[in-house]
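So that you can tell them apart, the chains are marked A, B, C, D, E, F, G and H in the order they are listed, and the count of residues begins at 1 in each.
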């Protein structure tokens, strides 16, 4: 089965966060591939990646980047697949720069932006699954099960009151 | 054919902006339905809408809201369909409040957030089409055509230099 | 005597902060109950909680949440009891996201928002007591005593100059 | 019957906004009195107002102010009645200054802060009514009716789609 | 000789920062007195302090406070002496709240605002000295000497390049 | 009598705002002189102005500037007179840039920063008068009269309720 | 003579602002060419433009873009020529998004960022001239003359005091 | 060979960051000199430095400063050489103050602003090299080699996935 999700990150330093997206995809049984694609160091590879994604069987792309975060938007410029952007937390501006660089896309190339940082990485995987789930009942059911499990977990968490 | 996209807005005052999403969906030939669902005035209707969306044949939901914008996130809490959030520009804070209220979702309920305001509304429709296009070649082709048309239009716009 | 204050929090991870609200209520002798109600994981429970609060004898609700903090506003959508919102400090945006998500409510569903974080949690309890005190002389007197004690403590704190 | 709500504003220039709070109180049949009390020009009057409010029969205070908005917090310093703060939109910073000056109160003197500007003024009146409604069934019923009317109005607003 | 500078702080917790202002005053040989005056816990003492300052021989007041920082502005409301405001760094918003609460004063009650935090505290002392120095040649000379010493120190700091 | 206040502005475009400071000085009978001194176009004149100010009889300097507003701080670098900084409102960032560029001075060169824009300009004049008033009873009395007049005006403004 | 400056803008809608850069280059007699290159609609053309710029004789590139402004950074990714970025003012966020998207570049691909909007466009042209002037005495002299003319103009602007 | 780059910093405390710029220049074999020039403590030296830079053989100036960061802009006011500004991260505002103080320059004195902090310092050196490279093939080649090395390094970093 093809890797239906492509996970890209702007730098290997984003890996500890983007790994959470990968783990979430794995737990949902979704095949994916992952790449470091620096928009500013590897612009040719970025172009190729965007243009080839659909033909290689990908259906959704998750791209994480920080600061002047151009990776998600530039992939979106090169494909008509849905692109999910994960704003990395940054040392100076906490990720406000990443968020605005990713979400404020002009007409024609939307990026589906999620929360800043680790939560965003995990949610990106869920969002990718939701997109796949629109035509894959198995994934849709897994998501429904996951949602129910989360509900139960949240409800039971009251037992942790001290 | 079912309305595969549900367009929700928090107030009728969001209509002039959200209408742009609807027009974009129409131009791509995507059947949709639209509703005013105020998260804070119609919480029961919101719950129902979220829970019933999938069974009614919707595959993607677009939700626009402003200020303490809870509509997109609360729909996401009630469905496993992908939810696209459009942050409305606000009179006092220009939409920063809407953006943060929509994008900063916790683990478990992602909202695919797009740009603030009119650009976001139009991009939300494109993103919905991209999601549908992952399993609908006709839409995928329309998106490719649209992308090419945009490229040509941008390129030719140089003729407007005065 | 009924639990006149309901303390809700969006996640068990908010407990170390919201506990301060509970302790403050206890020190004022105000009966309360506390719950984890995740707006995004437990939307049905949230609705129920909001709708049933008044009948169960609650008079004021304190709700703490972080990020895209929808809990206080969604409870406010389901009750006409006064709802006090406590914006949690967040790891990425320090609570600015929580604050705006809670305070910028539309017409019809106000949330009485207090300071971000621990101070806010403690003040939420005092505000709840002030509300109860509008018709309960015992509480009103306790608040007056507390205020006087704080005045004295602040005044005497000069002795800590080194 | 005593004026159970005191409406204070930092400047006569806040009147066009604070008038909306007064109108909302009137529509709910809640007796109130209104005053211009400039924290910085009338500090003695401010102290007196705060200290005397409870004895004069007030149960809730609504205070609107802009910029370095000290009025709500300083009233809160002088009374144990609940104080609702309305941050005025400002010409330079859109009300971010007002919001932070009002909401970020230290432990001991909470201010129940609502949205910036006109929405906040109207919501302040509703919040005052909610507080009064905790011990006044007539007001509680009016609020429930108002909430239902809002629900219906929002629902019907779909007819305005063009 | 009278204490020509009054140093006020909103909480004993501000002392480690405000101490730097005091030490700077001492190093310039300027007599001062220091007080904890919580605007929100000690509003009467605040009023008294402001009104009495001039008669007690004070010529300049330095006031440090954090969050919804009302102390400097409320002292300014009660005196025509120049008031210098020091915005404390805060745990949640880093002092942006303090800064805006202090600097954005309305017409009639200016507060001479300096930098956030420790630098501000030290600069407040220098500014107080500059104000006194407009009519005190000894202080003016000390300031000139201090300025020259700073110039030399900065120039010589190049020797620390490694 | 010497011009005890020097009013500097970074551009003639700041004049409509800085004029308000001048008018306020005039209404208090304080002799002043005014200059356009662009920090970035006239750095030599800026240096001269700062160095000569004290010898020319000035006792306080008011400097207004916008954007990367270096004028107040650079004057402060060249004199030990107190310098009052007025942050101009800017077209893009509303004056946040001006405010931070003026207030966040390092140790050694404080700038007494007032509110952004017109209010700040007028308050700068009052602050200058307060500084002069520390050793000039006539000015101190005028300020006391002005304060009382403001109190009365604010109090009477209630008559404008409609 | 080759067009030593390349002026690129992300959209024809940026032309009214970027025209100011062109006019400034013309007034300094610097040959340039201008293009609309949308990073998101014309990614291939962007790549080509960046890669070919040096061979075509360009020495400096000016790129203006707004929102999630990727154009300057992506050109910088494709050339080792200096790239000057002009952040466009945006309707929702005033250009804060453009500024952060342009300036916060990662190691390896700097963008020389200037002020937001019209001032930035004009300054971009001056900065380009300064860069060229490091090896072109004629341009260096023109810049010196321009600087002196600006000094005189600023100095004489005092005659416009009314 | 002359020191073609001048590196200035506002304080010796900026050295650990600005050292990164120096090291980058060294690795590219570009002769430079470095100085502490405090805009506010050494205004005369600043003026001299700016005015003399060109005659001493400098072609580009890198200036790092924090807070109310006036150094880059004031050097730009005194030279027509290109000035690169590095905004230092600050303890209270993370460098937002530095960034705005440096980038928002008025017409006539551009500062080529780079990222906040360490990344900015290193990028400043690259930008200086790019400027020099416009007329120095050896530097241009080194930059091309560096860019290629960065591409390879980024590409190979995938091996670090764990």
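Everything that follows uses one rule, which is that contacts are C-beta pairs under 8 Å (C-beta built on N, C-alpha and C of every residue); 3 or more make two chains touch, one makes a residue touch a chain.
Everything numeric here is computed off the predicted structure, so don't read it as measured data.
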Task = Kindly list the shared contact partners of chain C and chain E, in label order.
result = D
Ask   = Hey, which one of C-E, F-H or C-D is the same interface as B-G, over half the contact pairs lining up?
value = C-E
Message = Over half shared numbers or under half: where do the identical copies chain A and chain H land at their interface, same or different?
response = different
Key: Selected pair, greater C-beta contact count between F-H and A-C   = F-H
Note = Turning chain F onto chain G by a C-alpha fit takes a rotation, in degrees to the nearest 5, of 90
Query = Just how far, in Å, is the C-alpha centre of chain F from the one of chain C?
reply = 43
Intercentroid distance (Cα basis), chain G paired with chain C, Å = 51
Task = Could you tell me the distance, in whole angstrom, between the mean C-alpha positions of chain E and chain F?
result = 18
Query = Got the chain A residues that touch at least 2 other chains?
reply = 11, 38, 41, 67-68, 92-94, 96, 103-106, 108-109, 111, 115-116, 119, 147, 150
Request  = Kindly provide every pair of chains that touch.
outcome  = A-B, A-C, A-G, A-H, B-C, B-D, B-G, C-D, C-E, D-E, D-F, E-F, E-H, F-G, F-H, G-H
Remark   = The answer for chain F against chain H in the complex is residues 10-11, 38-41, 43-44, 47, 50, 66-70, 73-74, 76-78, 90, 92-93, 96-97, 100-106, 108-109, 111
Query = Within the complex, which stretch of chain D touches chain B?
reply = 89, 94-96, 115-117, 119, 147, 150-151, 153-155, 157-158, 160-162
Inquiry  = Considering only the defined contacts, which chain G positions touch chain B in the complex?
reply    = 11-12, 15, 34-36, 38, 41-42, 45, 67-68, 91-94
Inquiry  = Going by the contact rule set out above, which residues of chain E touch chain F in the complex?
reply    = 54, 59-60, 80-82, 84, 99, 103-116, 119, 122-124, 126-127, 130-135, 140, 143-144, 146-147, 150
